[in-house]
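The following pair of complexes shares a single chain, chain A, combined with chain B in the former and chain C in the latter.
And now, the complex of A and B:
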C-alpha cells in the first residue's frame, strides 16, 4: 500500500514538473522577445545588460517600419473582409444546399491549400500573378493570405451554422420575408459573433503570415514579418523585438475583442 | 404583386412552392459561387500554371521559354536524385527533419493536451494561454527568439557551462538541432489544439474504470485515452508532417542547411530557373502526398485495432 502511494506521488511530481517545463518552453521565446525589446545595447542578448526605451523611439522614427506596419494592417483588413465574405457565403450556401455533391468537392478544395507548404504556394502564386499582371500589388498578397484564412472562417462558420435552428429561416420565409431580409433579420443576429471571430482569425493569420508575403511583396508592399525577416538576416538588433511586442499586443487585443463580443452576445441573451 | 396574390391564392401557393423549392438549391449555388470561383482562380489555375512551367524548357535570359514543351527539368531533377546528388541530400534532409519533428511534436502534444485536460482552474487557463499565445505571433519572431537562447554564447549554453555540465559550448544554432527545436515550436501549438479538441470530449469515467480494473496510470492513458484521441492525433501528425517537411523559416534562420523549401526559393529568386523549381516542387508534393497517405493509413489502422468502442 505504502509503495503504491509512494509511486503515485512520484508519478504526480514527474507529471507536474514535465508540464511546467513545457509551459516554460512555450512562453520563454515570447518572454525573450518582450524583454529584449527594452534592451539598450544594439546587440541582441538575453538577458540584456541594461534596459531602456531607445528602440521604441527608433521605431516611431523609422519610416520603413511604420510603412510596413501600415501595409500589414491594409493587407490584414483586406484579407479579413474577403475571407469572411467567401467563408460565410460558402458555408451558408452549403447549409442551404439540398444535395451534397458540390459540397463534397468544395470542402477538400477549401482545405487543401492549408496542407501545401507555403513556399510552394508562394512560388506558384508568384508565377501566376506575374502572368496576369498582379505582381507587386496589395491584391496579390491579400488573395494569397485569403487562401489560408478562408478555410478557418469557413470551418468556424460551418460549425456556427450547424448549431443554428433552420426552422427559424423557414418560418421567416412562410411569413413572407425575402431571402435577403430573412438573412439579415433572422440568420445574421444569430451568427454575427461567429462572423466576427472568423474575421479576427483571418486578420491574425494575415498579420503573421510571411512566407507567401516574402515572395509576393515588393519594397512598397513589404509587411512587418517580411521586413523583420530581412532585418534579422542582416543584423540581430532589438528593433525586431520592439515590432514583435507590438504584434503580440495587437493579437492579444484582437482576442480580447473577440472574447468581449461573444460575451456581450451571451450577456444580452441573459438580459433579454 | 401583392394584389395578384390575394386574387388567386392557390396559384400563388404553387408558384411560391416552386420558387422556394427550386431557388433553394439555386440560391445555394449562387452563395457558393464566389468561394468556388476564388478557389479556381487563386488555387487551381495557378497550380496548372506551375505544372505548365515545370514542362517548359529553360532559357538563358528569361526565367523560362514560354510556349515550349520539354521534360528536361524533370529528367535533370530525377537524375540528380537517383545519383544521390544535391537534390537527393536536400530531399532526405527535408524528410528526416520533418519526420523527426513530427514524432517529437505529436508525443509532446499528446502529453501537453492530457495535462490541459486533467488540470483545472487557473492552471488550465495558463496552459491553454501558453498554447494560444505563440499562435498569435508571427513565426519569424517565434523562431528568432531562439537565437539568443541557443547560440554558442546564448543563455542555455551559459547556464549549462556555469553548472559545469559542459566543458565547452554546444553549437545548437546555427545547426540542425536548433532548426528542429524552432520547427517544433512552430507546429506544437497546432498539434496540441488538434488533440485537445478531441480529448475534451472523452468521458473521464472510462479511464477511471480502467484504473479500477487494475490498469496502472500510464497504461490506462496509453490503452484508453490514446485510441480515443486518434482522430486528433491523425490531424496533428498530418499537419506537423506537411509543415515540417516544407519548413522554411526555422531552418532558414537557425541552420545553414538547405531544406527543399529554401532550395526552391534559391532556384527561383537567385538562379531564375523556373522550370527546375517547378519540377522539384511537383516531385516533392507528390512524395509528400504519398508519405502523408501512408502515415494516414498506418495511424488509421492503429486507431482501429485499439478501438474499444
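And now, the complex of A and C:
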C-alpha cells in the first residue's frame, strides 16, 4: 500500500505526535505520583504491589499534615487577597494615569521580585522579618509570596483593563458616582472575572512555593511543600504522593475555576 | 436652569494645545452647538464643562458658581457620549436609574422616574432589556434618557448622533430639538456636521484649531462669517482669487483669476487699497444660471456690467453635470478656472457638458477675505 502523503499532512502529524510525546513526558510524573498514592506498602515504588487507601487514612489522622494543609490554605488565601488588592489597584491606577509616568516606574518595580532568585529573597526576608518582629508569623510568608504573586495579578489586570471601555467610568462620574462608587458599581462588575483569575493564580503560586517558605516557616507555620521536603529526607513513603495528589487536585480545581470564569466572560461577549 | 460662563479656557496635553482662549457665555435654556472639524477642541471643551477634563487655565462657572475645581460627580451636568457608554452589565432601566441611585433616591422612586424617562424617549417597553442587544438608535435614546433622568442644569451632547445612519440621524435631530423645546433646559451639543448644527442650534459656536472662532445665530454665522475658514466649513463655495485694481466711492473693482473684472459695491468709502490681494467667495446659491444668453457668447469673454452696478456675470463651459437628488450641480470652466453652480429644479433649463452657460450674481452677495483669511468688509 503506497500512498503519497502531502508534505503538510506529514508535518501536521509529526507536530501532533511530538506535542503528544511532550505532554505525556510532562504529565507522566503526575500520573506516577497519583498512582503511588494508592499504594499499600510503606515504601514508595512504581507500580505499587497492591492498592489501598491506607495512606489517605494516615493523612487525615496526621495532625502534622493537617496542620500544614491548613497553613498552606491560610497563606494561599492571604496571598491571593493581598496580591489581588495590590495588582488590581496598581493596574487600575496606571490606567487612570493619563501621561503614563506612573507606569514607567510601576512596571519595572513590580517585576523586580520575579528576577531575584528565591533563595536570595528568602534569606533577605528572613533577616528583615526577624528585625521587625514578624518572624514565624503567617504574615511573613504571605508577604513573601505576595512579592511573587502581585506581578502576575498585575499583568493579568493590565490585560483585563485594556479591554474595558473607559468611557463607562466617565459616564459613571458624570452621573454623580464618586471614585469609590464608580469603581464598585461600574468597573468591578466588568472586570470581576479577571480579578478572580488573578486571585486564583496568586493562590496557586503560594500553594506550591517552597524556597521562601522553607526559610520563613517555623514548625507552627510549616506549609505542605516544606513539610513534604522534610518528610522525604526521613522516609520516602507514599504519604508524599498523597499530599502531592491533593496539591495537584487543588491546582487543577483552581485552573478549571479560572477557565470557567474567563469563558463566562467570553460567553457573555459572544452573546452580546 | 442655568447659565454657563467659560472664561479664557485652555487645555494642554503635554506640548499640544487642545483648547485655547475659549470664552463664551452660554445662555439660560439655549441650545448651543459647538461646531468644528475633528481635532478642533470642541469635545475637549465639552468635557471640561462636564468636569471630565481639568482645564490647564481659565474658569468655568455654572449659574454664577465657579465649578472649575469641582469633579464631574459633583457637578449637576450630564453628558450623552458619542458611543453612548451604556453600562453593559445593567439592564436598560438600571442604566437610566443609575444617576438617581447615586443621588440616593429610593428604588421605587428611581424606577418610576426611569420608566417615565424611557417613555419620554419612546423606549418604554425596553426597561428589562440588555443594552448590548439594542440598535444604535435605541442605545442613543437610552443614553439620552439616562442623562435627562438626573434633571441636569445643563445637558451636554458629545456627537451622540454621529454613529447613526443618515436617515435616523435626521429624525433624532428633530426629536432632540423637540425635547429641548419641551424641557427648556440648557443644551450644549458638539458636532462636526454643519447640517446638524443648523437644524438644532439656537446659536452656533464654530471652533477651529482649539479656538472658538465665532459664536452667533445660525443665519448670522452663515451670512456673516468672520473668516475664510468658517465660510469654507459651513458649506460648499467657490473661492476666487482677486486683486484690487481700482476703488471708487461706492465700489471696489477687482481683477480675478476668472479673467474678468468684477465690481463689488460698498456702502462707504472702500477700506482696501489698490493692489490688495483678496479671496472672493461666491456661494452656489447666489449664482443664477442663464444658459440662453450664455450660449451665444464665447467662453470666458468678459460679460460684466461696467456701469458700477452690483450686477456681475461670467460665461463658461459646462465641464460636467452631477445629479445630487434635489439639485443639479454644474462644474463650469471659466478661463481655465473651475467654478460650480447649482440648479434646484432639474427639469428646467438642463445643460449638458460642453454647453456654454452664463453665471450671474449680485455683487453685494459676494464675501471677500484677505490673504490671512480674515473677513474684509467692503
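Simple rule for what comes next: the second predicted complex is superposed on the first by the 244 of 272 C-alpha atoms of A that agree within 3 Å, B and C clash if a C-alpha of one lies under 4 Å from a C-alpha of the other, contacts with A are read in each partner's own complex, and residues count from 1 in each chain.
Quick note on the criterion: a contact is a pair of C-beta atoms (placed from the backbone, for glycine too) under 8 Å apart; a residue touches a chain by one contact, two chains touch by 3 or more.
What you see is a predicted model, and the numbers here were worked out from it, not measured in a lab.
S.K.: Which of the two partners, first being chain B and second being chain C, lies in contact with A:99: first, second, both, or neither?
M.R.: Touch partners of A:99: chain B and chain C.
S.K.: Quick check on the superposed pair: does A:190 touch chain B, chain C, both, or neither? Answer first, second, both or neither.
M.R.: The answer is second: A:190 touches chain C but not chain B.
S.K.: Going by the contact rule set out at the top, does A:180 touch chain B (first), chain C (second), both, or neither?
M.R.: A:180: touches no partner chain.
S.K.: Figure out whether A:124 sits in contact with chain B (first) or chain C (second), or with both, or with neither.
M.R.: Only chain B; A:124 stays clear of chain C.
S.K.: Just to be sure I read the superposition right, which of the two partners does A:171 touch: chain B = first, chain C = second, or both, or neither?
M.R.: Once the two structures are laid over each other on A, A:171 reaches chain C alone.
S.K.: Residues of chain A touched by chain B versus by chain C: which partner has the larger set?
M.R.: B
S.K.: Classify the contacts of A:146 with the two partner chains as first (chain B alone), second (chain C alone), both, or neither.
M.R.: First partner only.
S.K.: Give me the intersection of chain A's contacts with chain B and its contacts with chain C, in residue numbers.
M.R.: Correct list for chain A: 98-99, 173.
S.K.: Can you check the complex and tell me which residues of chain A touch chain B?
M.R.: So the residues of chain A in touch with chain B come to 8, 11, 15, 18-19, 22-23, 25-30, 32-33, 36, 44-47, 85-87, 89-90, 92-99, 102-103, 106, 109-110, 112-113, 115-120, 123-128, 131, 143-144, 146-147, 150, 154, 173, 179, 204, 207-211, 215, 224-225, 228-229, 232-233, 236, 240, 244, 247-248, 251-252, 254-255.
S.K.: Inside the complex, what are the residues of chain A that reach chain C?
M.R.: Residues of chain A touching chain C: 98-99, 165, 167-168, 170-178, 181-182, 185-186, 189-190, 272.
S.K.: Provide the residue numbers of chain B that touch chain A in the complex, in ascending order.
M.R.: Against chain A, the touching part of chain B is residues 20, 23-25, 27-36, 38-39, 42-47, 49-50, 53, 108, 111-112, 115, 119, 126-127, 130-134, 136-142, 144-149, 154-155, 185, 188-189, 217-218, 238-239, 242-243, 245-249, 253, 261-262, 264-265, 268-269, 274, 277-278, 281, 284-285, 288, 292.
S.K.: Enumerate the contact residues on chain C facing chain A in the complex.
M.R.: For this pair, the touching residues of chain C are 13-14, 50-52, 71-74, 77-79, 81, 83, 85-90, 98-99, 102-103, 130, 132-133, 146-147, 150.
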